[in-house]
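There are two complexes below, and they share chain A, which is joined by chain B in the first and by chain C in the second.
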Partner chain A sequence: MVTWKKAVKLAVVALFTIALLVFLQNLLMPKYMTEILEGALISEYYLEEFKEHDVIFIGDCEVYENFSPIVLWKEYGITSFIRGSAQQLIWQSYYLLEETLKYEKPKVVVFNVLSMKYDRPQKESYNRMALDGMPLSVPKLKSIKASMLDDEKFITYLFPILRYHSRWSELSAEDFKYLFKKRKVTHNGYLMRVDVKPVTTIPKEKKLANYQFSDICYGYLDKMTELCKENGIELVLIKAPTIYPHWYDEWDKQMEDYARKNDLLYINFLKYTDEIGIDFQTDTYDAGLHLNLSGAEKLSGYFGKILQEKFNLPDRRNNKKLNMIWAAKEDLYVSEMEKQYAELEEFGYLKAFNSRRNED
Partner chain B sequence: MKNRKVIVIITVLALVAVGAVVAAFSLDSNKGNIDNANAGDNGGGSKNSTGGNRQNGGVTQEKEGYYFEYKGIKIGINDEAAPILEALGEPMHYFEAPSCAFEGMDKIYSYSGFEFTTYTKDNKDYISSIVFLDDTVTTREGITLNATLDDIIKAYGSEYEKSYNQFSYSDGNCVLSFILENDGVVSVEYSLPTGNNMGG
Partner chain C sequence: MLFTSYNFILFLLALFIIYYIIPQKYQWLLLLVASFFFYSCSGWDNVAYITVTITATYFTAVKIGQLHRQQELYLKENKGSLSKEEKKAYKDKVKSKQKKYLLLCLFFDLGVLAVVKYTNFAISNINSVSKIFNAGELSFLDIALPMGISFYTFQSVGYLVDVYRGKYAPEKNIGKFALFVSFFPQLIQGPISRFDDLGYQLYSGHSFDFRNVSFGIQRILWGFFKKLVIADRILPAVKTITQNPDTYQGIYVLIGMVFYAIQLYADFTGGIDITIGIAEVLGIKLKENFERPFFSKSTAEYWRRWHISMGTWFRDYVFYPVSVSNAMLKISKFSREKFGENTGKRVPVYLSTIIVWFATGIWHGASWNFIVWGLLNCLVIIVSQELEPFYVWFHNRFNVRDKFMFKLFQVGRTFLLMSAIRILDCYRNVRVTFRMYGSMVTKWNIGELFNGALLKLGIDKADYFVLLFGIIIMIVISLAQRNGSIREKLSARPDVIRYAAYVGLFISIIVFGAYGVGYDRNQFIYNQF
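Then we have the complex of A and B:
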């Protein structure tokens, strides 16, 4: 009897210890709610109640800054979600896609090909933004393994408290406010910015010793192509219309050849900026690296037509349930837009995107 | 009474265990917080220590290793940018390229014949690369765009590293690279030792 009681007490203490560690981990992990919002993107997908999207975007900032799912819905009745993260590497995109397919089977997957230029992990902070937001799964474990830099430890991705323990001295109000529940910072993965910084100059492109994309990147692109074919999904390769970093003709040709060989659609939107109506004096917030809301809406309107015509995506606007869901999303979108314009009017800049800059 | 003692002992042990975990990893102070771990390190900027001419204030003082000289102004990798910019005057063009999620900021200053890029560390900008734009500028050893491999070897010797059509010389602090096409130099670049050869 006494032994049984001891066991219960031990179990209670063990549970208490685990709960304490989980609490500390949640407290210490960055929340990405008021600055560096890009860190919050990946986890937002899991909050979606309705995970039946016609189109899933995967890739780096060139997807989450340049395409608006709200416009795709409003203009074409296409449901979509962007699974993007800052400098998402191609193996991270692949494993994210593999994981996404456990939740849903979209008709089209859109992959931005800029990451073909990176054949090795770049920075831990980008790895964290791509990986920490994923729940534990086999694709996540594979992605961690493929992404780690030499001085990173696998266990710190499984137990992030081992990485973030030293944040205790920098905890802010944000860490307590969003300890148990975070707010959404994107609109189906689209990170909105309404500010404008026109293009005034474009740096001359550097010559490269080697323009050939690496075997590693082609390997993951092959896996992505295969995965989509196995699941009856149309894979579309795109290059977003941003003018820096430079997209070389040699790279473009490789993607054209790959698409032709694998019977895929590849669109380099840089070739269609006039047709899309992008004006780099008004449609970018950082002098050509990314589009702002105005540019993203133009690009989405243009791309939506291609998606609908090429892949016969149905117009779902007559679906009552979807209409309700997307009406709520539209409200949030408009409210965010108005908030940003008001902030711009009051401060001359957007606080969430400039606080970090001012420190440096 | 005995049970209470057991509970107290177990609770103390649990708290010690939690404390030990936190303390053990607190000792690993080499890694900062994720937000700060890479700030300003946009291209390996903090990975410098071997250069004898690093971050000096005088732009005309004697230097060692590979560096570029323009109108008597010495510009080296990892040198602080402010005094160089002051000596050079207003650039013809200036371009800011913040990294995604603001993990650093490249600043590109273009002058007649060359441009250089800076990275930021501890609120100061340092030179991360210098690139020739035309053949009006030369390296201190006399190599300019359109030079040949023979010219390069005469100037720098045959102790180069070859990667595709790129020939590189390193002094530990700086890598001086020449890219050749059709037997002529099409690119001259001074850069940090850990540059990304895919560019962009």
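Then we have the complex of A and C:
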């Protein structure tokens, strides 16, 4: 027979065990603070006190590496946040947007369409980077369900300790330092890199058997369009100006058609690189896959103008409160930039993005 | 559905809750549904196999039981009118009928087992012989071994023989009998239960008992600890050594033997702990299958303490019947006449022992390595038996029997001997295994123990620390078990110590368990038998 006294004891033990598990889970989960910073991106949004953005970017590395919200603010007074993650799949973008709309209603949502090429989950580590940072919510559960690879287990997303338990043998000072509080590694979702690796050769594109985007991807794009319409949000489809992976004309045509049919703005920035002023000898850090700070600032400056003109976004720089918030962000941005340049000068590379080199 | 899968844990949680919510009279029905659901997860063809065995055994047992009752009634009604001879003649007639039913069903049940488990082994041997004579080859059958068939077939056979022997009446309800055969916790790796131990417990209702549930959960956790923290963590090293016999010879063979002994013990006893723990939560007490076998001082003792339910099954349903069979009695008589009383009386015992060990070997797997494994065990037992007078003389002459160090030597010797024979499981090839035995003598590479080579076997330094921690706990618990149940002792300790132990065990499994990404999902070793 379970007496009250026993029940209380059991409850205390259960609570203690749960607390211990939560503590261990926090300890064992990767922190992504000094290496593979991409893993920290999604959760940073929830640290924002002021969640009122004019523009929300969603998508893969082509958004968080190529657009600088600080420039959008500085030059146009546009507030924005990038909810990007490495190889973010279209359903992850959709559910992330659905979840973001619970916090705020932006005027514009910008979606990078490269992920239209994936109609099935690709890699567990990318899934983790997109999903682990989200707090528990219905969109998160749906996103997990849609994202899991065959050998992944749903429960390990709900209780990540079941996924990361074996990290006990590789815990580092970082895990203890950021056990309770993480630092921000991005600037409103923008992951800064100041290093340069010019384009020397452009890999020849592979011929594909089928250029048609799948129904699955169109399904999520439709849902995204519908969600934005329901909430009075302008959806903008973009293709970031990166040389590789190759963006096929056939894909571009499909996106143009889709945008026309749904009365959306679609911009393939690859067509405007000269106009933007991107020089792939100086504006990319990995030979054309992503832009560096210089490239991102040029692109943001160009895109900001379009956003303001097309969607009539107000210049908020007169708002005192916002000015203060963004001034602080700008300071961090400048200090990070200076830190990276100093690091480049000292080591010739950026430590956080060259973990292998650090091991050597 | 693996015992160590998340789905199985969810399945258990749901079952435990529903089990204690529904009226007790329906609990057995729930267990039957749960057992068939569990079994169906491995494929519907497996369900068909077990259903066939259940049906055949059930109806045969009912028929044999009817004949028992008919006989009782007839003898009762004609108590005064029948002479002793007439009674005997009637009994013999009934017995003969029962025997026919028994043999028919045994032939069927064991036939199914033989066809699915041994056909390809037989074909492979026939092909080997026909190759010598340049004859054609038979093609192999595409049959998957149904999950747990060796266990449920033996359990059914035991039941049938017991009914035939009149040990108990057959179960009338086919559903209840089906539950006895298919009870899911013990379906895939035993223990092989007896109907008079398990049947009544399965069918009677059980009310929620905190102590049972708590003890059961503790036992389950202990099983998970052994399986996930020890067995599955040491597994990569065992695989590396035994799957690369050309690379890993000499001292590695010894390491492989010891590592595999640890792996198998943790794996099998861990699985049985989970099985017994689940049953305990349900209010059902299953018999123990192990009694600290690695503390045995002889092979015979080891086999009385390892996989006890299998050993007693072979003893009751193979050894005894073979020993007292007409053929064996004739052999006994013949050998006593030919070799004298002393030697002659051993011949039938040893012959029966050989038959039992051959059967034990082939029961474990349809390949020569298992047969040789069985016969080697048999050889060691018979040689030990024959050397018994020498042992007695030695113990008396040197007065060592009660000396701690000598006992330790005996335990170590038995452990190594059993480990050496057991490694046949891993190499799966008799010739390779004997070549590896040879390499322990011819290849002297003990230096490998100290040059960091042990860290290249698929487990790293951290793994070794976990293993050391797990094995020490396992040994300490085994030592403490000699003086009674650990769970009883723990329940008498202050709350803080008690709960710290439970929470510590749980957390150890979660953190140090070898599961999830980066680890292969490993089925329990005995599931394949």
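The definition used in the following text is that the second predicted complex is superposed on the first by the 349 of 360 C-alpha atoms of A that agree within 3 Å, B and C clash if a C-alpha of one lies under 4 Å from a C-alpha of the other, contacts with A are read in each partner's own complex, and residues count from 1 in each chain.
Criterion: a contact is a pair of C-beta atoms (placed from the backbone, for glycine too) under 8 Å apart; a residue touches a chain by one contact, two chains touch by 3 or more.
Worth saying up front: this structure is predicted, and the values here are computed from it rather than measured.
Contacts of A:L21 after superposition on the shared chain: both chain B and chain C are touched.
Of the two partner chains, both chain B and chain C are touched by A:V13. Of the two partners chain B and chain C, more chain A residues are in touch with B. Once chain A of one complex is fitted onto chain A of the other, the partner contacts of A:L162 extend to both chain B and chain C.
Judged by the touch definition given at the top, the superposed model places A:E124 against both chain B and chain C. In the superposition on chain A, A:N318 contacts neither chain B nor chain C.
When the two structures are aligned on the shared chain, A:Q87 is found in touch with chain B, with no touch to chain C.
Shared contact residues of chain A, touching chain B in one structure and chain C in the other: 6, 9, 13, 16-17, 20-21, 24, 124, 151, 161-163, 165-166, 168. The residues of chain B lying in touch with chain A in their complex are 3, 6-7, 10-11, 14, 17-18, 21-22, 25-26, 29, 31-35, 37-41, 93-103, 105, 108, 110, 115, 120, 123, 131, 133, 163-166, 177, 179, 181, 186-187, 189, 196-200. Put simply, chain A touches chain C in their complex at residues 1-2, 6, 9, 13, 16-17, 20-21, 24, 28, 124, 151, 153, 155-156, 161-163, 165-166, 168-169.
Residues 5-6, 9-10, 13-14, 16-17, 20-21, 24, 30, 36, 38-39, 60-61, 86-87, 117-119, 122-126, 128-129, 151, 161-168, 170, 201-210, 244-247, 286-287, 289, 353, 356-357, 360 of chain A are the ones that touch chain B when the two sit in their complex.
Those residues of chain C that touch chain A in the complex are listed here as 6, 210, 460, 462-463, 495, 499, 502-503, 506-507, 510-519.
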